[in-house]
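So that we are looking at the same thing, I have put the structure below in structure tokens.
Chain IDs A, B, C and D follow the sequence of writing; residue 1 opens each chain.
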Amino acid sequence: MSNINIMQERNIQKISAGQKAVRVLSKTGTYIFLLIMALIVLFPFYWMIISSLKTLAEYRQAVPTFWPRQVMFGNYVEAFTTAKLGDLFMNTLYVGIVSTLLSLVITVLSAFAFARLEFKGKETLFGALLATMMIPGELFTITNYITINQLNWMHTFTALIVPFLVSVFYIYLLRQNFMQIPNELYLAAKVDGTSDLKYLWKVMIPLALPTLISITILKMMGAWNSYIWPKLVANDDAHQMITNGLRNAFTDTSGQANYPVQMAAVAIVSAPLFLVFLCLRKYIMSGVSRGGIKG
Amino acid sequence: MKVVLQNLTKIFPSRDKKANKEVVAVNDFTFEIPDGQLVGLLGPSGCGKSTTLYMISGLQKPTSGKIFFGDDDVTELSTENRGIGLVFQNYALYPHMTVKQNILFPLQNLKGKDKLSKQEMLDRAFEAAKLVQIDELMDRKPSELSGGQQQRVAIARALVKMPRVLLLDEPLSNLDARLRLQTREEIRRIQKETGITTVFVTHDQEEAMSISDIIVVMKLGVVQQIGKPQAVYDDPQNLFVAKFLGTPPINVLEGKVSDGKVYIGEQVVMEVDGVEDQDVYIGIRPEGIEPHPQGVLECRLNNVEIMGRDASVVSTHDAALTPVVRAIISSDITVDTTAETVRFNIKPHKFFLFSKETEQRLYYEVKKHG
Amino acid sequence: MVDNKQQWKAWLYLSPAIVLLLVFTVWPIFNTLRMAFMEGYGNMAAIGGATFEFGVDNFLKVIEYKKFLQCLQNTAILCVATVPISTILALLIAVALNSIKPLQKTLQTIFFLPYVTNSIAIGMVFAAMFNIVGLKQGAGVADTWGIINNVIQFFGGEPINWINAGSSYVANMVVMIIYIVWNALPFKILILLGGLQSINKQYYDAAKVDGTRRGRVLTKITIPLLSPMLAYVIITGFIGGFKEYSSIIGIFGEIMGPADDAGRLNTMVGFVYDALERDRQGRASAAALILFAIILVVTLINNKVIKKRVHY
Amino acid sequence: MRKRLVAILTMLVMLVGMFSMSGCSQTENVPNAFIVPEAGFNPNEEVTITFTHTMGAKLQDVLNTYIEEFNKIYPNIKITHQSAGGWSDINGQINTEIAGGTQPNIAYCYPDHVAMYNIAKSVVVLDNLIASDFVISGTNETLGLTDAQKKDFIASYYNEGLAYGDNLMYTMPLSKSTEVLYYDKTFFAEHNLSVPTTWDELWDTCEKILKIDPTCYPLGYDAEDNWFITLCEQMESGYTSAENGGQYLFDNAKNKAFVKELREYYQKGYFTTQELYGSYTSNLFVETTDTRCYMCVGSSGGASYQMSNNDTADGSFAFEVGVAPIPQYNKNNKKVISQGPSLCILKGKDTTDQQVMASWLFVKFLCTNVDFQAEFSMASGYMPVLKSVTENEAYAAWLEKGNGYEYLVAKCVQVGIDGRDNYFVSPAFNGSSTARTQVGALLLKCLSGEIPSGGSVDTLINQAFQDAMDECEY
């Protein structure tokens, strides 16, 4: 082995000073970059908030104002009172919780079958499922509407919940997660005579918890944001979902929306979602990262 | 390249903000590692040995104190400019690169006048691979290698750029017993061949003793003793060092010194000069006692374990702090295993006294021993 | 290997999903196929009692459409431009976020905010940012140039007509790309940051010991280790890009282009919607199937390329 | 083969339609004509009907009050109603509902929507109901419209229901708006300008205004598509026809000529439009500091946006807003566009005759009840469809009421009512909304487009017309 030490003969002082400068510079650069991006990202959010505080006339102005001339907290009051937010909230929560629970059960069972069991046509079936993700879902609306109608599910929570219980995407996500759990664990459980369901419940689910939490959150957000479908199948007072309620409540004669009030309502209903993210950030982050990275 | 640590101290802020307790990981560590030596940092977990290693590497910054490589103060110098090689405990081989790519990686980072041509890089990589005897595996991915092979790749990667100092973090802990023996010889050989000043961290005293030129025993951030392995073993400066080194471990008994006599219980086991009267801990290496019908130390005999060349006489004593009192003797010597008790003679140079109060070594001159 | 009991169990576990998929996904797809091959099929017309012949006329009609290529081109440009840009930007942000300590959580939350910001608000803000009010033809004066142009002018540039009547195709596309990239960022940052945080720190220590420059750490270590996440983000990005439609409505409104050139920015899904609106389900279905075929091919190619590059 | 069949069928339908006009027997051969059963409406049979609209909370309050009134007469008819959101939402929703057979009985509609529902033959033809002289027991009302009721409708509004190419009545007008010319009355008085009544006068006025304020746009026109369609109608040059399932007639020399003329005026800076300006021109109109516009053509329903600011020091309005009818091309052929919701009755295979008749009774009630019409107009700023509403005391008082925003709304309504003989609606068929979008875009392109190199203005205009036609006919 050659004995020339390539690391010798250095001017330590100079390097020392240089590296410090580089470190400070790069840290500053990183922060500047992040802060600029953060501002860009924040801008529409800021816009939503100030829009919700404007009068309709000011909102329509050609030259948008960056701070409302007249701060209309009244928009929030109006949003809250006109739109029966309480009922809407409960309906949405009900649909969100029930569909999340059922969806989790279906997703876990399917993902388990795809990740752990051997059966004929597994690959083909899985491929076919993935392919369905590529078709614009809008095409399904009319057919599904007719189906719901023939099943006599119009204006029921069932119509809001059942058609969206299966998500190929979630099955895919969870399957990837399950695949990372060593097969030995399953075999060991089999040797011990543990049933599949018990194994799922005791081993797989705890290990895949972050993913399941992410799915829960995405599902709840789905319930929060769904608009077109609920409007079609269950837009009556007893079943109305939050987005529909908000959209419908603030239109004027010509079917134009009163945007400032609508924005206020949107801000109100966004708040719970935001809080959920704040509280569960850790789980969401680790949930989405379980795609197949080994440590 | 000698490495000098000067009053090196590392304090970690407490994790629990309310408790506001700081953790002193390394406390005022001063030491000069001579050029070309293999140094083992030894201690139980949490003793600060890894922190010391990471401070030498530059991955962690000392709270106070200085580090010199040769005459250069590198305390403020960042890792990449220190010219060190570091082997991680679990190797940190890049899983997406082949062995060759892993070894080449450090060389490809070189810039400026250090930059090497492609051919030079390849030559160096193969040279390093040959040194650790993995030149057959160059196109495999880490996941296709055994633990020992991964270890070698990690060493090759650390060596390939000819570092000024090589640092190894628990290099053998992930290997099985047989591989461990083999690999530690390997490390020794490589270190001698390259002559690179090497520091490695281990909690396994046998490992440290067997290959180090110098060992540093640490406890709770404080250096206990530094020296050649045999010297430290033969001359431990405190009870901790005595207990930590040696397998089977040293026998420790409570006793006292009174009037120049060392008592265990009521028995005088040795007469010494230069020790004031006090309560003491008595450490006796297992190889320092041998059965003798007129021996000074009487113990209750448990059993005798024959281990081929050696035999181990296992007995108990009321004053012993260790669960058993063990003697390692040549298997030629016969012991009456049916007897209730066994008496031992003590070899004075394997017999250490420690102050019960400070646990520091009490030096003495033998006047008479049984 | 495949024992009967497992077979039986697998299908049992899959049955709820399969039943629901059959009813709410497979049947609609089948229906789409049926409509695509019924010449001139319209839902309303069918209810009104009209009958339709079997044939490929719908497909021919789609391809004959004068702006069909334009729709395809728009879709392709949006995909090809937005996926790399948003992925790279999201990667840089995620890496930067991962490398800092103070403010990390705050910034992370900020980057998530668009997720809970209503899409109506976002579209309007973007339109307002690029909109020029009161542009006098040829005179180069306007009442308001919009924030973006104000910035350009601040740095001494000439203001650009981004989205108003008389704007250029390139300018329109730039706006769309910025908007779509912006929209795609939060999700990608979230995924990539999650991925980064699960990479073992020792790889970075090892790289640091070896004196690896930042750029090299990114390209040689971070990106390969992040490749499963990146693959996921890219594939879903492409699928999303091919379905681009609502973002264009968000900026340009229902006319899908600047005021003087309606439909200039129309996309494949936009075409599908237009056809649905005029009771031409047959044509819409045919276009959707064409789109599906394209996405399928691209995804297969993607998978091929990615399989080679992704380290699992 | 099929085309010919369709043509023959259409001919037949038209013939039948003409017969029905002349005779008073029920139109029986029209596919979806409603035939009033001999037993007529049964006031004792409970019936539930649904009504989908786009009313906001304020208008729904008015509606609820009058549902109560209605139930005093017909307690057996239960009405449930819901808002479908905005205009763009209701069409899609009802389309889907028709596909599922769950359409509402009554729907807010624009002609385009009706044309679409009609493809599915889901719209009830109202002729027989209107003509029915069946007297509902327990009341002294006939099922149909009395002559007095018919006459009370503003004729052009009423005729909108006939705009589907087959001379059959599909919709009843509920509430209407039109386009009016808002102008700065203060400015006009100050500079001794007269309010233009024809386009030629308007251009003269523009020229004068530009001399006074060279940086202004004398005229702002919010809706480009309306402008094009109105000009076609005023000039009788042809826009579209609902006959034969829809025809596009706008690609003609006369239209190209006026578009070319408008381009010249635009280049002179006489006017701007919403899209060209980049914002509602009403914003220019109410603006008092920067660029101004002194005349503005906009919807009579949007009066609130045309109100000048009153944020001056003493709280007075910056200027007085005048409202006038829009300029005409030919004073002998006055035409003003009519917009705003009508009501249509939908039926599916499960819809009973009783439901259709109940729906009709409610539609009739809303459209002919003077009090409702008055109150709805006051709440919405839209115009009532009955002539006699102006005689309603509360309404008259409201029209007289003199200040601020309400005054302007009332003035718009007044102008709208005054011009009631001049209304037109553009023909409706599947594709008529495409035509609307296309002529709007084509006008913009012709006004502001760059002349292609090596060509003339005519090249540009011809190309724009051709493109629009291609899109429409695709």
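Here is the rule we use: contacts are C-beta pairs under 8 Å (C-beta built on N, C-alpha and C of every residue); 3 or more make two chains touch, one makes a residue touch a chain.
Quick caveat: nothing in here was measured; it's all calculated off a predicted structure.
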>> What does the chain connectivity look like after leaving out chain B?
In response: one piece
> Considering A-D alongside B-C, which chain pair is linked by more C-beta pairs in contact?
Replying inline: A-D
> Central chain, going by Cα centroids?
Replying inline: A
> Using each chain's Cα centroid, which is most distant from the centroid of chain A?
Replying inline: B
> Cα centroid separation between chain B and chain C, in whole Å?
Replying inline: 59
>> Based only on mean CA positions, could you tell me how far chain B sits from chain D in angstrom?
In response: 93
> Using the average of all C-alpha atoms in each chain as its centre, how far is it in Å between chain A and chain D?
Replying inline: 42
> Taking each chain's centre as the mean position of its Cα atoms, how many Å separate chain A from chain B?
Replying inline: 52
> Of all the residues in chain B, which ones touch at least 2 other chains?
Replying inline: 78, 81, 95, 110, 161
> For chain A, which residues are shared contacts with two or more other chains?
Replying inline: 62, 142
>> By the touch rule stated above, which residues of chain D touch at least two different other chains?
In response: 88, 99, 277-279, 284
> So which chains end up touching which?
Replying inline: A-B, A-C, A-D, B-C, C-D
> Can you list the residues on chain D that touch chain A in the complex?
Replying inline: 54-59, 82-90, 93, 96-97, 99-102, 175, 177, 277-280, 283-284, 287, 299, 301-302, 304-305, 379-382
>> Applying the document's contact rule, which stretches of chain B touch chain C when the two form their complex?
In response: 57, 59, 78-81, 84-86, 88, 90, 92, 94-97, 105-106, 108-111, 157-158, 161
> What residues of chain A sit close enough to touch chain B in their complex?
Replying inline: 1-8, 10, 12, 15-16, 19-20, 23, 294
> Quick one: in the complex, what on chain C touches chain D?
Replying inline: 42-49, 65-66, 131-137, 142-144, 164-166, 254-255, 257, 259-263, 277-279
>> Going by the contact rule set out above, which residues of chain A touch chain D in the complex?
In response: 57, 60-62, 82, 141-142, 145-146, 148-149, 154, 231-232, 235-236, 244, 247-258
